[in-house]
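Let me begin by handing over the structure; questions about it come next.
Every chain is named by a letter (A, B, C and D) in the order it is written, and numbering of its residues begins at 1.
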């Protein structure tokens, strides 16, 4: 079928390519002209203005926005005046689902169908396909089905779950209409909340393994430092790249994230190129906000989010309060950090 | 080669079968005679006493214990008197690595080589092979290599990690000599600590998804209960089995545990057959103990462990303290639980 | 001076009494007529309708709402039509500070000054005085100063902080103008977030002390249960009431909450009258929401909040997921709870 | 009565002074001669060798060790050869209670009574008295009662708990015989575990308050950074010293630690002299180890301990794993820290 793509960054461009390989006609637009021109050479129709972009698409139109969450509002302001009459517009980025609910109301009044899609895949999506979590009105979602089917990884991407045969549905293809407006981004939001925690689980475990040689370190013996009672229990110099690798086969913790961990550790056992200041892009925070509003305990997901905050020194003032209190009640002076090393 | 297997529960029996399929001669023993008899019909040599078991094996012997951690000590007491002269004995169960270090010292003095193996695989190992994390003296580990190679899943069990070609080693077969005595169980211990957290990450996320319809519930309006500010944000009735399924293809959270989650939710969307009293078998606790001794923060792994404790009502007295304090300072009476439902 | 009090529950009634003892003229109103009648016998002016209530107060009026957060909006709708011309209205309850910011804008447009006050004190406030955290416009807050001063505990309630002499200000009296609209409820919100964590700290610690006799229990020996390695380390039957009491003098953990803990445990060492279903009233949740929005790690405050959720069985589905997964990968059947006891 | 004090650091010296003021005869010893000489001028008997120290005391002796946990073993080795015949020796430091249990067995065999005392008080103890948690054999503890009574704060240090009148016992004086050997240090251990969490609760809360102006900051708008949705909700510049002060009177979070917080923030609102590398001295770790062995959930206490570890950069490798993974699956480059500020 035909799709208009707005936003030709890494993700948008890859998705257009995947769609074109599947035989779809793509009209493309970006505020910078280069990416559209590049895709034009691969057969896409490059639009040079929003107005032209809309004109190139046959009504009722199917349009996909692949832009940062922070510019969705502006993008809608730009394009909506040219739309109506059963046109459908997809937000495939990382918007907050609250915004989806609000936008749906506003756009339905104008005869525009708004569809929210939580898109997984990152830099691997071009090759593996994109896992799509979809929210919005039934009819519009059904109309876009050929697009979703082409973007998704396909059933071959994983072995069949026992009992799934004869069940039908798109879910085994890797895309799912989760529910009404916002449901797609809600499910993607929680996906990312889980993702943070899975990553943190491996990270903490590997950190424990890395310090399995703690008994070899010389620790100062003073009232401020707890000595290891049994240094003989911490004498292992473990090869983390090998350990991640061996877990990939036959263990309970095997996963795609573990595959990537094994790759990263093989490339650089010390991960010396990374500073360890870990960003977070919103979904993890919103997951915690949802958990708290639903009164659902989420200690693991929260701990993972806070670890990211702490990695960016956001605990600094709290830590100073602790030091100040220790000084107040115990006269404890802070110990200077030994040059070049933690602990 | 030849291996003696002590302990013919579900795991031990499956491992013997896998070894026999690979052409190894197995001598088998269990305190109950039946399992040995059954394996004898499949070609194993069934021993009826510890003494006979040892006699059936050619020196230097290779022996594997697959017994609960709590009976390893007794098992060693029974068999060690008949061993010596470079015999090797493997503990393939879930022993605490502290015990490995101690036992190694005791047994080396008697000319017996003790090898600790953290074995992953559970009920799936028979089919998938066992992921083996090995600790102990180099020579003994090398001697047992054919056994490890036959038990492990093999390189085909996962696609090759980029950069692994030409590196050699057993790790791509799914077994790894991690280090000196105890290293195998140490690595398995942390594996399980991670496993608990991965499981908890999915569990918390699914719980948030399941209550995405919180806005549909009627909540009482009193000073003790926080009303939902925006019930319109929590109106989703999500199909968790489908969501787990769709995440299996192309998403970041794909994993073997997610595969199993999809299976479980497909079988029973409400998981009504489970009471949710979650056991823990030691490794998760020891992982936290190691983290604390190494002074490594493990908030995610700890939260996962504590969730299991709480599922078994171990927070009960702490909760009563909270209720008692709320009554003391605020006169807050506890609210009775509405029949048949939490919250 | 003169104050109108709307809402004559436990808190509102006590506050009126404290104000009258201090010589203030109080006009009182409640949707139920009884509490106003009772206060009339103690010298208050009982109004029987909103209109009459407003008429009884001299302009510019000072009015205090002491009603549940959920009915503030309705209360304002009822009274605001009669107000204007520099009248000031205080929300002394537990409103979300977002609402304060919004209401201030709406009311300033009508010439009404809105002041938010986070009020601590509970059932003890009548006797100890109320700790007041105040937000809103400077002039209105200054005008209400005699009211705040009479409600607050007074400087004698705590020894002077070193360096506070000659600093002046109301803070040593126990009330503080924290900042612009919403600041009072923001500070009270975080106060409650901290309160939850302080309570949880004592609760967890006491739970550990209570189970210091874990080595005396008989635990079953199977693969699902971790035996205590050193039962001889857990043979203490501790008297928790005495321990809470001894900590009250000279220890680092002395606090008002500890005083109450000591009282509660003395009354009932087992706290058998409490079921341990712990409510939460909003501020703890909002504190976490604020932390997440500010990207400030709050693992301790969050853990305390989640413990309350878990006490109300909100983890139930998550726990079932864990049990289902353990069954899927390990064939682990859940263990029935032994009758009459956790663990 | 008569007491020998070994270890004349800050704590030991203060305790001798308090005992002498109460009329007890003190024999004192330290490996450095100066502190004993100084106390001799105040009336103590200064011993210049272990042998002389023991000789100066009348049998059956009462001896108190106030030395770092790491040198208790050596101290016992030095003094025990001169002891026996019902002599009692107190360990008043921060020993692990496991050691108490072991030492008691060893020393009872030699006719020496070992008493463990968890001593709270820090630099304030000289003035406030010491809160004493005592473990060990009944008879020896009873014999030392006059010493405990003189060191403890006394009943006047806190108002009486309702219902305590006519109950008798030492607990209102601020000392308590908690149970058999190790019980004193066990109770002190959990005390410190709680202490860490109380401190962290205030620290996290104050950190949230300090960043209540987050909406005033300029945050970059890119896909890696979550913008504040409502900067208008975070416009407060709060005076933390005043907030801590106001909470001291009439609020639920009033405590001795809050008193010290108010002092520290008044001295230095930014706590600029502190680096925020927070030490931990063992008891917090042992508390978690005990919780895990007892299978008691301790998420709040654990989070507080881990925050200290993290303040010392112990999360570093874990954070690098997270960054490496984000790069692997999403191509996310780390963002450099803006000069001079976290976030």
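The definition used in the following text is that contacts are C-beta pairs under 8 Å (C-beta built on N, C-alpha and C of every residue); 3 or more make two chains touch, one makes a residue touch a chain.
Bear in mind the structure is a predicted one, so any value in this text is a computation, not a measurement.
Among the remaining chains, those touching chain A and also chain B are C, D.
Chain centres here are C-alpha means, and the one lying farthest from chain B is C.
Of the two interfaces, C-D and B-C, the higher number of touching C-beta pairs belongs to C-D.
As a whole-number value, the distance joining the C-alpha centres of chain B and chain C reads 43 Å.
Averaged C-alpha coordinates give centres for chain B and chain D that are 37 Å from one another.
Chain geometry summary: the mean Cα position of chain C and that of chain D are 29 Å apart.
Residue positions 122, 200, 202, 204, 207, 211, 226, 229, 252, 256-257, 263, 280, 285, 293, 295-299, 302-303, 306-307, 310, 312, 314-315, 318, 329, 343 of chain C each touch two or more of the other chains. Of all residues in chain B, only 252, 280, 285, 288-289, 292-293, 295-299, 302-303, 305-307, 309-310, 312, 314-315, 318, 329 touch chain D in the complex they form.
Looking at the complex, you find that chain C touches chain B at residues 10, 68, 70, 96, 122-124, 199-200, 202-204, 206-207, 210-211, 221-227, 229, 256-257, 260-261, 263-265, 268, 271, 274-282, 285, 299, 303, 307-308, 310-332, 334-337, 342-343.
Chain B makes touch with chain A in their complex at residues 97-98, 101, 120-122, 125, 128-133, 152-155, 157-159, 161-164, 169, 171-176, 178-180, 182-183, 186-187, 190-195, 197-198, 200-202, 204-205, 207-209, 211-212, 214, 226, 228-230, 232-239, 242-243, 245-259, 262-263, 266-267, 287, 290-291, 293-304, 306-307, 343.
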